[in-house]
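Going in written order, the chains are labelled A, B and C, and every chain counts its residues from 1.
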Amino acid sequence: MEKPSLKETSFATNMNSSHKRETVCVFGTGDFGRSLGNKMFQCGYSVVFGSRNPGLSGLRPQGIEVLSYAEAAQRSDLIIIAIHREHYNFLTELAEKLQGKILVDISNNLKINQYPESNAEYLAELVPGAKIVKAFNTISAWALQSGTLDASRQVFVCGDDKESKQRVMDIARTLGFTPMDQGSLKAAREIENYPLQLFPMWKFPLYLSAALCIFYFVYCLLREVIYPYVHEGKDNTFFLAISIPNRIFPGLALNLLALVYLPGIIAAILQLYRGTKYSHFPNWLDHWMLCRKQLGLIALAFAFLHVMYTLVIPIRYYVRWRLSSRVINQIKTNNTDPFNTTNAWLSDCYVALGILGFFLFVLLGITSLPSVSNTVNWREFRFIQSKLGYLTLILCTTHTLVYGGKRFLSPSILRWHLPSVYVLSLIIPCTVLVLKFILVMPCFDQPLTRIRQGWERKSRVSKKAQLGNGNTEV
Amino acid sequence: MEKPSLKETSFATNMNSSHKRETVCVFGTGDFGRSLGNKMFQCGYSVVFGSRNPGLSGLRPQGIEVLSYAEAAQRSDLIIIAIHREHYNFLTELAEKLQGKILVDISNNLKINQYPESNAEYLAELVPGAKIVKAFNTISAWALQSGTLDASRQVFVCGDDKESKQRVMDIARTLGFTPMDQGSLKAAREIENYPLQLFPMWKFPLYLSAALCIFYFVYCLLREVIYPYVHEGKDNTFFLAISIPNRIFPGLALNLLALVYLPGIIAAILQLYRGTKYSHFPNWLDHWMLCRKQLGLIALAFAFLHVMYTLVIPIRYYVRWRLSSRVINQIKTNNTDPFNTTNAWLSDCYVALGILGFFLFVLLGITSLPSVSNTVNWREFRFIQSKLGYLTLILCTTHTLVYGGKRFLSPSILRWHLPSVYVLSLIIPCTVLVLKFILVMPCFDQPLTRIRQGWERKSRVSKKAQLGNGNTEV
Amino acid sequence: MEKPSLKETSFATNMNSSHKRETVCVFGTGDFGRSLGNKMFQCGYSVVFGSRNPGLSGLRPQGIEVLSYAEAAQRSDLIIIAIHREHYNFLTELAEKLQGKILVDISNNLKINQYPESNAEYLAELVPGAKIVKAFNTISAWALQSGTLDASRQVFVCGDDKESKQRVMDIARTLGFTPMDQGSLKAAREIENYPLQLFPMWKFPLYLSAALCIFYFVYCLLREVIYPYVHEGKDNTFFLAISIPNRIFPGLALNLLALVYLPGIIAAILQLYRGTKYSHFPNWLDHWMLCRKQLGLIALAFAFLHVMYTLVIPIRYYVRWRLSSRVINQIKTNNTDPFNTTNAWLSDCYVALGILGFFLFVLLGITSLPSVSNTVNWREFRFIQSKLGYLTLILCTTHTLVYGGKRFLSPSILRWHLPSVYVLSLIIPCTVLVLKFILVMPCFDQPLTRIRQGWERKSRVSKKAQLGNGNTEV
C-alpha cells in the first residue's frame, strides 16, 4: 500500500535518466493514449506521439515529441493505436509505412459484441502487412495516471505473431502489469468483451438466489404474517425486519450450499452411466460446475447474515418483552416451569451444530481466497473443498434437523397445510447427502475412480493406451 | 506454507550439482552479505566473497571462496556491495578494477533521508566507471536464512543501465523474489527510505481516528459519567468499559466511512469548477485520496468492534440486573407494560439495517484484499468500491437515524445542552450523502463524465485533440 | 474468476492460427499426457505424441499427430515423459535417439519415498545422454482440462542443466503457471513427495491441539459433569454441547497463542547462552519455529469458536430458564439483589478485554494472509507479528485473569482439589509473558540485539569481519 508514493517519485525522477531507451510510438493523444505514453516514458521508454494536429497537443512531460502520424510511425517499429475504432480508416493511407510494424490495438467498445468482428481483427484487415497485437484494453487511464493499481493488473495479450506478442508482454511487465498470453488474434473478441463484463460468473448464482429468496419470502409472508392476521387478527408485520429474514437466510444458505455439491453428483452419475470422462457434459452442467465457488460464497454470505440475525435476538424489544411477560405470567399463575433436560440438550445441540457448521463454512470461504488457495497443493485443495465441504453440509443439515426437533412434522405446526420453511429447505441437502452416500459405496466408487483416471468402458483403443502408456496422475 | 522444508532440502542437495554456473561476487562478509551469498550459492550461482581479511572469515558452506577485494572483483562482472556506506571510500582504490562492472548497492540507512544523496548515488560518484544498481535492500537477512518469505518478496530495483538492471532482476527472480523496476538511479533515495517506513499511508488515517476518538471520549465522559454524577450522584464509571466505547466506535466508524467518500466529492466539485481533470489537486486532497482505503479499513475495524460490543450486551451483569429489576418492578407495581408494535418495528429495523450495513462493509473489506481485487476487472472494482460503498454508507446512516428514532431531537435527551453522540456523528455522513445526491443529478453528472473522459472546458487545443484523435477509454 | 470462459474460448479459436510454433513431444497418451499436450497445443505449441500404438489413440484435437516413440522423438528436442515410472525401461532402447534432448519427468509416486531414488534421477540413469528436468508433477489433469486453476499454480522445476530448466520454465509460464526453480536434480525427490503431502506443517500443531483438547475435555468432564453427579446427583450431561466446549476452547486458544511466542523466547535464551546466532538450533526448536504461523491460526480458530459459543449464551434454553427462575426466586423470597458496582466493573472489563484481544487476534490472522503479508515491508511485518502479537497475548491473558476475578483461588471453587480450567490455562501464557518481560530488560536486550546483527562472543574471526566489513542489515 506504500508503493504509490514510492512509484510516483521514482517516475518523476526518472525523466532525466540518460541510458539508451527503446522507442515506442503512440497514435492518438486522447486521455488513454497520453496516460499510457506518460507511463511508458516514466518506465524508461522513449515515447513519440503521432497526432493529426501535432502542433496543438498540449502534452506536459518534456522529452515527449508529438509528430504527424507518418513521421511518428518512422521512429519505432511498435505503434500503439490509441484511437477509437471509428477513426481507424485513416490508417489505410499509412498502410505502406506500417508494413511489418507491430500495431498494438488497445481499444474497447461500448457494448458487448458491438461489431461483427473484433477491433483488432478489423485493424488487421485495414493494415494487412502489419503484425497486430491486442493488449492493454483492460487497464484504465485512471489506474495508469494514479499509479495505484488496486484493480486488476492483468494485461490480456493476443496476436498471431509470437515475437510481437512477446515484445508487448515485455512492455506490460516493465509497466508493472501481469501479461497473460491469450493465444491468437481470434481471442481479441473475448478480450474486448472482458472489461465490459460485470461479474459474469456471478450472474447465475445471484439470479438463482434471488429467485429462491423471493419464493421463501412469499411463503413466510403467508405463514407468519397473513395467516396470524386472518386467523387471530394479530399484527405481525414487524416480523418483516428480522424474524422472517432469519427464516429465509438459513434456508437459502443451506440450499445453495447443497447446490454447490449437486452438480458434482450429477456429473459422477453421468460419468458412471457413460463409462468415460472424455465426453462433454451438457452445457448447463458445465456452467453450473464453473459457478460452484460463487454459489458457495453466496451461501456463506447468507449464513453470515443468519448468524448475525440470530445473535441479535436477545437485544430485540419483541424478544425481551416476550421473555419478561412469560416470567410475569409464571408468577401471576404461580406456576413455575420446571427445568427440562431434553429441551436443554436440543437447544444446546442445534446451536453447537450451527456454530461448528458456520466455522467450517468460514474456513471454506477463507481457503477460496486466491492467495490462500495458491499455497496449497492439489491434494490439499481437494481435501478442503470436498471433505470439509461435505462435513459442513452434514453439520448444517443436522443443525436444521435438530432445530426442528420434536415438533418436526407435528400437524400443529402446519398453517394452511404449509410446513415451516426449514422443512422445505431440507429437501435439497438431504437429497444431495443421500446420493453422495450411495456414490461413496465401493460398488460405485471404484468404477468412478477408474473412469476419472482415464479408463473408458467399452473402448478398446483407450484401454490399450491405458495399459501401454498409463498416465502419471492419480 | 509447505515450501520451507522443500526448499531447504533442495538447497542442501544443490551444492554438489555440477552444471556450469554464473559467478557472482559479494564484497563484505557481514551478516547480510553472508546470507545473500549463501542463498545465491544454494540457488545455483557460483559465489566469491571479497573481504579485507580473506583468511579469517569463518564461512561455513564449502565451495564458497573468500578472496581479497581485488582478487574477488576479477572473478565476476557483477559485484554485490554488502558494506556499510561509511566504509565505501576504500572502493575508490579499486575503481580501476571495477571499471564497467555492475555494482549492486544493497545498503540501508538508520534514519529516513540520513544523507544528502542516496547510498547508491554516492557509490556512483565514488566509482564513476561502474554501472550501479540498487536492489535487495528491502530483504532481511533473517528471511534469506530461514527460507520463509512471509514478509514482502518484492525487490525494488533501480539503475541507469537497463541491461545491468535486467541482470539483477534475473538474480532476484531466481532467488524467489519479485523484482520491481523502479526506474533510474534517482529512485534509490525512495527505495532506501522504504524499509525504514512504518505504515506511511496509515499515519494520517490513524492520527485522524485517534483525534476523533479522544474528542468523542471526552464528550461521552461529560454526558454519561460526569453529568449523572453531578446531577444524580450516580456512579456510572463502569460505563467506561463497554457502554461508552460502544457509543464512540459506531460514531467513528460512520464518520470515517463518510470521510472515505468526501474527498471524491471534493475532487468532483473541483473538476467541475476548473472544467478539466488535467490540473493537479491540492496536495492535501491528493494525500487524502490515496489514504481512502486505509480510512475505510479503520472504519471497518471500528464497525467490527461496535458489532462485538453490541452482541455482548445481554451477557453484561449490568444489563441482566436492569432487565430483571424491571420485571420485578412491573410485578411489584402490578403494572405490566403492554406490547408496543411501533417500538418492535423501530428496534427490529435499526438492528436489521445495522446488520446489512455491516455485511456490506465486510464485503468491501474482503474485496480490498490484494488477491481479491486483482481478480476483478476495472468496471467490477468501481462497482464494488463506489456503488456498494455508497449503499453501505446509506445503510449505516439510516441505521443511526432509526436508532435515534422518536427521541431524536427531543429536548429531554440533552444534557448540559449536549445532544447524544450519535447526533454529532450524523453530521458528516449526511453532508456527504446530500452532496453526492446533488452530484448525481444529470446537470452535474453529464459535464463531470465528459471531463473525466478527457474533455476540457475553454481549451481549444484539447478540444481539437479530443475531436480528432479521441481516446479509447470510457 | 471470469477467466475460465475467456480462456476456453481463446483456446478454441487458437487452433487455426498460422504463426510458426515451437514443437514439443509428449511420450504417452494417458490422461495426464493428453491433458498437458492439449493445453500446450491450445497455448500455441505444436504438439506430437509418441505412443506404443500410434494408430489406435483416439485423440480428439485435430492438428496433433500421434507417432511411434522413435518418430515422435525426432520431431522435437524437448520430450515430456508422461509415462509411469514402471514403464521407463523401454526408453533405454531409444537412448541413442534421446541423446542431448531435454526429457521432462512429470511422474508422481503413490507413496512418499516409494523408491530409493527419485523418478527423475532414475530416468537420468536410464538415459545418461539426455538432460533431465523435473516439472509439472504438482499439476492435476483436471486443472489442465477445466482451465480453472483454483489450486496451486506453482510448477516446481529442477534439473542439472540450466538452459533446459529455463526452456521448461518458459513453457510453464506460457501455460499460465508460476515456475519455481528448485535447484539441481537432487531436489526431484522432495518435489515428487510434494503432491503426496497433506498439510505437513499443520501436523504438529494439529496433534498438539488435539492432545491439549482431550486433556481439557477429560478434566472438564470430571469437574463439571461427574463431580456434580456424584456429589449432588445433578444431570449436567447437556453441558457437553456448549458449556464444556466453551471452557476448553478459550483455554486452548490462550495456550496455543502462548506457544507461538515460547519458541522465540527459547531461541533468544539459547542465542544469549551461546553468544552467537550462527550455531544451529536443535531440530525440535527449528520445527517449532516454522510451525508458529499454523499454531497461531489454530489458536485463532479456537478463539473464534469461543466467541461464537459465548455470544449464543443468552439464546440457550438453560440460561433463559436460569435467569427467569432467579427472578421468580427473588420475587418469592421478596429479596431483591442490589446493584453491585464491582460486579458491573468486573463483568464489563473482562468482556471488553476479550473483545479487544479477539480483535487484535483477527488482525494478526488477516495480516498472515499471503497477499496481505506480501504488501508490507519487513519492519512492518515484524511490528505486526511481534508487537501486536504480544499485545494480543497480554490482552487475552488479562481477560482470563479478570474473568477469574474475586473467586480466583478461593478454595470453594476447587472440586476434588481441581481448580477451574481457566486457572490451568493461565500457566503457559503467564510464563511466556514473565520471560519476555525479563528479556526486554536492557541487560539482556542489548547483547541479544548485537548477536542478531551478526556479532559473536568469543569469536576473534567474526569480530574482525564485523569490524572490517560490517553488514548493512539492522
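Of note:
Following the convention adopted for this analysis, a contact is a pair of C-beta atoms (placed from the backbone, for glycine too) under 8 Å apart; a residue touches a chain by one contact, two chains touch by 3 or more.
Not measured: the values here are computed from a predicted model.
Shared contacts of subunit A and subunit B, meaning chains that touch the two of them, come down to C. Of all residue numbers that take part in the contact between subunit B and subunit C, under half occur on both sides, making this a different-residue interface.
Separating the centre of subunit B from that of subunit C, both taken as means of CA atoms, is a distance of 24 Å. Among the residues of subunit C, those in touch with two or more other chains are 1-2, 194, 197, 199, 311, 314, 327, 331, 369-372, 374-375, 377.
Subunit C contributes residues 1-2, 4-7, 9-11, 13-14, 16-21, 27-35, 42-44, 51-53, 56-58, 60, 82-84, 86-87, 106-108, 110, 137-141, 143, 146, 148, 150-154, 174, 176, 194-199, 235, 237-238, 241-243, 245, 301, 304-305, 308-309, 311-312, 314-318, 320-321, 324-325, 327-328, 331, 369-372, 374-375, 377 to its touches with subunit A in the complex. Of all residues in subunit A, those touching subunit C in their complex are 1-2, 156, 158, 160-162, 180-187, 190-191, 194, 197, 199-202, 278, 289-290, 293-294, 307, 310-311, 313-314, 323, 326-327, 330-331, 336-337, 339-341, 343-349, 351-352, 355-356, 358-359, 362-363, 368-383, 453-454, 459-462, 464-466, 468-474.
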